[in-house]
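Next come two complexes, and both contain chain A; in the first it sits with chain B, in the second with chain C.
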Partner chain A sequence: MEEGWCLSVINIKLIGLTKRFGTITAVDNINLDIERGELFTILGPTGAGKTTTLKLIAGLLKPDEGEIYFDGQLVNDVPPEERDVGFVFQGYALFPHMTVWENVTYGPLVRGMDPEKVERIGREILSKVHLLERADSYPRELSGGMQQRVALARALASGSKLLLLDEPLSALDARLREELRFELRNIVKETGATAIQVTHDKYEALQLSDRIAILRKGKVVQVDTPMNLFTKPNSIFVANFICDMNFFEGIVKKVSGEGAIIELRGGPLVKTLDRTHRVGERVVVAVRFEDVEIKPGETKRPYAIYGKVERISFLGPFIRIEVLLDNGEEVSVKLPATIGYKFELGDRVTTFLKPTKIIVYSYPRAGLAEELIVE
Partner chain B sequence: MQVINLFGKKINVRSFLSRIFLTATLISLGIFVFLPTFYLISFTFLGWNEVYREVFANPLIGDEHWQQIKGILIFSFRIALISVLIDILIGIPLGYILARKNFRGKGVIEDLVTLPLVIPTSAFGFATLITWTTIAGIGGFLGLGRGLVELNYVVPIVKIPFLILIVHVTLTFPYIVRIFKSKLEELNPEFEIASRSLGASVFTTFRSIAFPQALPGLFSGAVLAFARSLGETGATIIVAGVNTTASIAIVKWELEFKIAPASFLGFLLIVIASSMILPVEYVVSRERSTSSLPNLTEMLKIEKYLLKFEKNVSRKLYWIKEVVSFIFIGVCVILPILVVLNSVVLYWNADPYTGKIEGGVIYQLFGPANYFKSLIRATAVSLIVAAVSTYISVCIGIAAVIIIEKYRFCRSIRSLLKVPLVVPTSTLGLSMILLWGPKGLGLVNPGIWLIILTHIVFSVPVVVESTLASYEGSDVEVYEEAARSLGATPYDVAETVTLPIIKRGIFTGAILSFTHSLGETGATFIVMGRDATVSTLVVNMVEALAIPAALFASTYLIALSLILLFAFRKISKG
Partner chain C sequence: MPDVKLVNISKRYGKGKIIAADKVNLEIKDGEYFTILGPSGCGKSTLLKIIAGIVKPDEGEVYVGGKLINDIPIEERHIAMVFQNILLFPHMNVEENIGYAPRVKGIERERRVKIVEEIVSMLKLTLRSTAFPDELSRGAQQKVSLARAIASETNLFLLDEPLSALDSRVRLELRYELRRLVKELGVTAIHVTHDQEEAMSISDRIAIMKRGRIIEVGSPVELYLGPRTIFTAHFLGKMNFMEGTVKEVSKGECLVEIFGGVKIRTKVKGRFLRERVVLAIRPEFIKLSKTINESDQNVIEGKIVEKFYTGSYVYYKVKLENGIEVFTLTEAKKMYNDGDKIYASFPPEYVILFKYPEEGLEKQISLE
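Coming up: the complex of A and B.
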């Protein structure tokens, strides 16, 4: 990377970060360590405090409590223009009265760089996002995807140590969004910048990020790699938010060397390998849609649960079947379309929760329904 | 669709009615607003021989009138130009503070900025006069034993009488502040946040991001301020001393029956005002107007120093904009009002310096001069004029808004309606009396009816402007379409959807037009005959040197306008 806009890559440390608006605590005692060059995502439902966290890091808001360190330096009192962060806004905030070129070179210019250097940075960064030939266009003349790339280029061109992306793809339509995910990751990774992205789209987070922090009501619930989050969600909230899962209440009946038997409401038993819960404990059994077996008719087998097909949704390559179980609960099953086609509404079926895939959680204090709210 | 048979032709009732509505609206706009505005132009052309003889080739004085007109015009333009420049210097920081900061007492500051728009100018001119030039004002507070400045003190370099300048700046700066502020408020604050996160200081951000985008607003505000300064009569006539501005000259010449030079000067003012406002309207109303500033890179040589300077200013001198703005408001808006109130108390029984009861407010009001009776009568005239002209203007205004929004070819009416707002009011008065008065059509004699007709001319644009603003700011069309799709007729839609939604805009416009009418002096002077309004009465009192009576009348007018300001605020903020 050439000198000029080569980013001096930094790490970020947040300690006990708290921000209140009136009586609402938008960000509640957040502790995070973000590595050099990491593409880190803060994921959470609307109103979880994601954008507030981002603005605190950028210096656009002042924290009520806690500390923010850039490379070990406390930056709490540094004004935004001296923090050297590149902020990409949800709506891009491209200056409408300036051309693409003027937008991109604005940062270097106001930081007082030499004209030749400004020129070089502008060319380099615009060719990186493939927009050099559109340098004289105004933002309104560009497509949504192009505007997004200009916004990214502008943030990179100011030589920032840190890229902050506030829902960078949310203003684009669904198809373009999927295409641009990889491009965004490539550009950021090529520059080697540390980047923090905020989003409420789990697919975006899972595809793009090195690590993800799940935020709920201002608190960090789990920080991990996408793979670990998906396979080992540490709470019912994360499981529900990240994966498509069925949840059942139950009580542990028996714990033995090879696993545990749990009785669901209304009597059906399920088997699991998880032995961490005591006999008699109230628990929640979670299993992914795709980890439920389904057979037509009523087949006798241990730990089977019977029911009838209530709803069938066609999802392209997959079919989702919702079954009303005889105990009154519902279970969703995801099948490849090639197998799923043989089920019809009202069919009696046998379902079976795969013991190896079942995750068991202690029953939450606030109740199961409360944990499943994602808005 | 109902169809009726008229004169043997089948006619669709609905389109027939809407055509009648369109025609009636266009005709009333023409008669009540545009004809008076532009009549002076045709009058000057039709009587060109006479005008030419009087102005350029008078057998006795030659082209003396032309020389006077030239001098007066240059003088007026100098005043307007310098006033607008000062307005801009004060208006930018003040507009920025009001748009971007939140602080205790912001509402009060906003009211104080609006006050000069609603205050009767003659009362305000009088307040400024005694504040600066008499012992009752600043001079007295400082213990000088005389006024702080002489009446005819001229500011060096710009060569403008100090009092005229201060009155014009105070009466015109609200235009710039209000328009600039609302432009800034429309702007997405994310642009400024983005700029700061890219490394620009607060000041640099303002200069390169917010300012260029709000520039069209500043521009149209400046044009309005310039026109207002050019046409200002009420306050100027009181503080002018030996000086004559264009609008005062028209009033004086009309009263001296020098119709030819007066109408020629008025003609020039109308032409200048329209040629100023119409291009600006065109530029500002175009949506894709990007104010392309000179490229930053090209100016980079000074850019670096500028950036450093701006960084320092942003850090250390950030308080200066607040201090400048608040001192200006304090000295130019609050102080004159306080001085008047204070003086009324001092002069209540007798002149505090000589002890004569003839110099007291009570004696002048109820003594032989009996100004109290004139004041009561003038109040009645003012209120009737304001109420009737506002009512008629609202009726014409709503109809005008509807045709402007419904018919494409009526769009230009909106720009044309800006002209009466910038034409100096004394010119308008002259135009009215020449058109309707004994020398013209002979339909209306000078008096209360002619005042009402005159006030309608500038009240209609005020109502239209504020109603249009609320029409366009509330997506009315979507609701109208929804109502139509639910089965409402166009009339139902107007009554049950459109009018209730734009109600606030109409009320705001009505109050503004009411206050304009109450405070108007320049035109009223010419057309009032013997039916004086309160604001013209103040001028008469000052000219008759009945200072204590003028003090009382000014206090009375200021109190009235404060009440209206309160109403204005209640309505415009909901």
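Coming up: the complex of A and C.
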């Protein structure tokens, strides 16, 4: 499509947004700037306040404190039906007495869009969600996955200036979800609308979004592009949530021009390029599963840690190997399946944490375990 | 011991219009972690319910431990079930929920407490045993329902999407717990799911099911790397498909011509000569590079159309010069940008061939 069919594209500003339910603060002083036409994702575990935030933006809930601006205009007191928002929920609410075609074209027609344009958009969106040939079906004749796609198509066709997507894919089968994930970004981008998506699935967030906000207990802990979040998570919580990450406790032994040496529990040493911590400081060493080298047998090399293969999980393109290290800790390694297949349960192995990939965090006050809780 | 055998199991619903199970034959070994994987509505849950005795088959026999159990009522089958919707007794605390089966069986209190303690430590449940279900997170609730199933001391576990209702992070953690427990207890587990990665990572063997039929049974690696059907190839992870015709067959190789006259060499042994075929290759096996390397085979020029960042790896959508689009999965170390000209190479050893299906490719890979 040469231009988006969204009538006007807006930016969203949230200032000090707070919402309490009884004694629970579901949304705690959230500040966010979402740009025009941006596909923005709010990612976090269950109960982090993601859906509440979305409902506040839609006007389905009233904030206790804070302001919501659409294009610089305060909308706190604007009722939901006047906010011009397209909403896709996890449960799909379609008009049961209307066909797929009628469901999808209802919004733009009511809005007074030129019927020829509606026809074109309707056909295009339905073919994008692979449902053009089911245009004359009624919702009850469709599978759950198809109904969810109709709901999506309806929101996308609506021409609303803001799309709010609450776990739009999570009611679908895993395989279909994966397939639609690749399509969803395309379709949303083509409408030109600003879109805010809520999910607890990191892959969905990483693959789809321009930017991601990570929410924890009602607070935004980091906002960034997918790549920056993945490569530079600012906290143990974010690292744990967005990467497949190993964590070890350690003490900084030596800091020099080229990096630092950290002693893990039980004595093994690791080397890192990170020099920001003092000698003697208690730290957490973080390294992604895919940034751990693993070799069969015991090979002598500096900073190697030896262990035994304890578990092997086949993931398709990858194999995940869990190694019980000789210091009693576990390390997970993710390898392309074509390399990983040569390891077997019980094998002695040499592991090596890549110095360039290690991230070092100060030891958290509440303890490491507390930072790793995701529920 | 609980090996499970299904012989010619059929089940229809809605006056025979919906076929949930169509002459299903399966043999599940004692102590095996077996998964039935398929899209929604394929009949996988019905199969589980038939084994449990919740649903009666129209035809066929169910054997557990060599014994025909068709006419044995649910309560006498000694099977533990864990469902997607967590069914804990809301008025009982954690300890009472876990100790429910032993109590009903009339085991005295002292021994009951011991059983519960053992299971709690086995599951690494760090919960107050006096907590009520609604005070727990969903992940913890599902752990308690697993604990309750274990306490029933049965040796056949039926797991119906036990992880689907959980947060993705919690789901991953519990996955490994499930397999560990089943193996530690030495029980047989039949797990039903629509999640391919879940199935591949925990199962000894997987049965792929579609529209009431078992399409293929095999170990995760067998099914992923050497699928015998197009449906399995498509359902178990991402796959690129291209239509083609076999032009030449020689010792240990055949040459396939795909759209636009492009020829692809494969290691598939002399079959399908002059036949129409479907050529398949997984995204992670396609190599991308800026220049042509001597060692690369089946090199086709293309252009990056789109990229999907997934952390250490990136999915690229590549438009090949013959107009066909393929997905590749490539390390994120060297990133390409939209519009970049690249060379895609298809290593012959990773190319799979299927006979072209009579009803067409689209129909074969349809998930619904």
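One rule holds for everything that comes next: the second predicted complex is superposed on the first by the 319 of 375 C-alpha atoms of A that agree within 3 Å, B and C clash if a C-alpha of one lies under 4 Å from a C-alpha of the other, contacts with A are read in each partner's own complex, and residues count from 1 in each chain.
By our rule, a contact is a pair of C-beta atoms (placed from the backbone, for glycine too) under 8 Å apart; a residue touches a chain by one contact, two chains touch by 3 or more.
All values reported here derive from a predicted model rather than from experimental measurement.
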> With both structures placed on chain A, which of the two partners, chain B or chain C, ends up touching more residues of chain A?
Replying inline: C
> In the superposed arrangement, does A:316 touch chain B (first), chain C (second), both or neither?
Replying inline: second
> Of the two partner chains, chain B (first) and chain C (second), which one does A:66 touch, if any: first, second, both, or neither?
Replying inline: neither
> A:115 contacts which: chain B (first), chain C (second), both, neither?
Replying inline: first
> Touching A:37, do we find chain B (first), chain C (second), both, or neither?
Replying inline: neither
> Just chain B (first), just chain C (second), both, or neither: which does A:97 touch?
Replying inline: first
> First (chain B), second (chain C), both or neither: which does A:58 touch?
Replying inline: first
>> Once chain A of both complexes is superposed, is A:192 in touch with chain B (first), chain C (second), both, or neither?
In response: neither
> Is A:106 in contact with chain B, with chain C, with both, or with neither (first, second, both, neither)?
Replying inline: first
>> Under the contact rule defined above, give the chain A residues that sit at the interface with chain B and also at the interface with chain C.
In response: none
>> Considering only the defined contacts, which chain B positions touch chain A in the complex?
In response: 188, 190-191, 193-201, 204, 208-209, 212-213, 290-293, 295-297, 300, 303-304, 307-308
> Contact residues on chain A for chain B in the complex?
Replying inline: 58-60, 79-87, 89, 91, 93, 95-97, 102, 105-107, 109-112, 115, 118-119, 138, 154-155, 158, 164
> Of all residues in chain A, which touch chain C in the complex?
Replying inline: 45-47, 143-146, 173-176, 178-179, 181-182, 185-186, 200-203, 206-208, 226-227, 230, 241-244, 288, 290-291, 311, 313-317, 320, 336-338, 341, 374-375
> If you look only at chain C, which of its residues touch chain A in the complex?
Replying inline: 39-41, 137-140, 167-170, 176, 180, 194-198, 200-202, 220-221, 224, 235-238, 282-285, 306, 308-312, 315, 317, 327, 329, 367-368
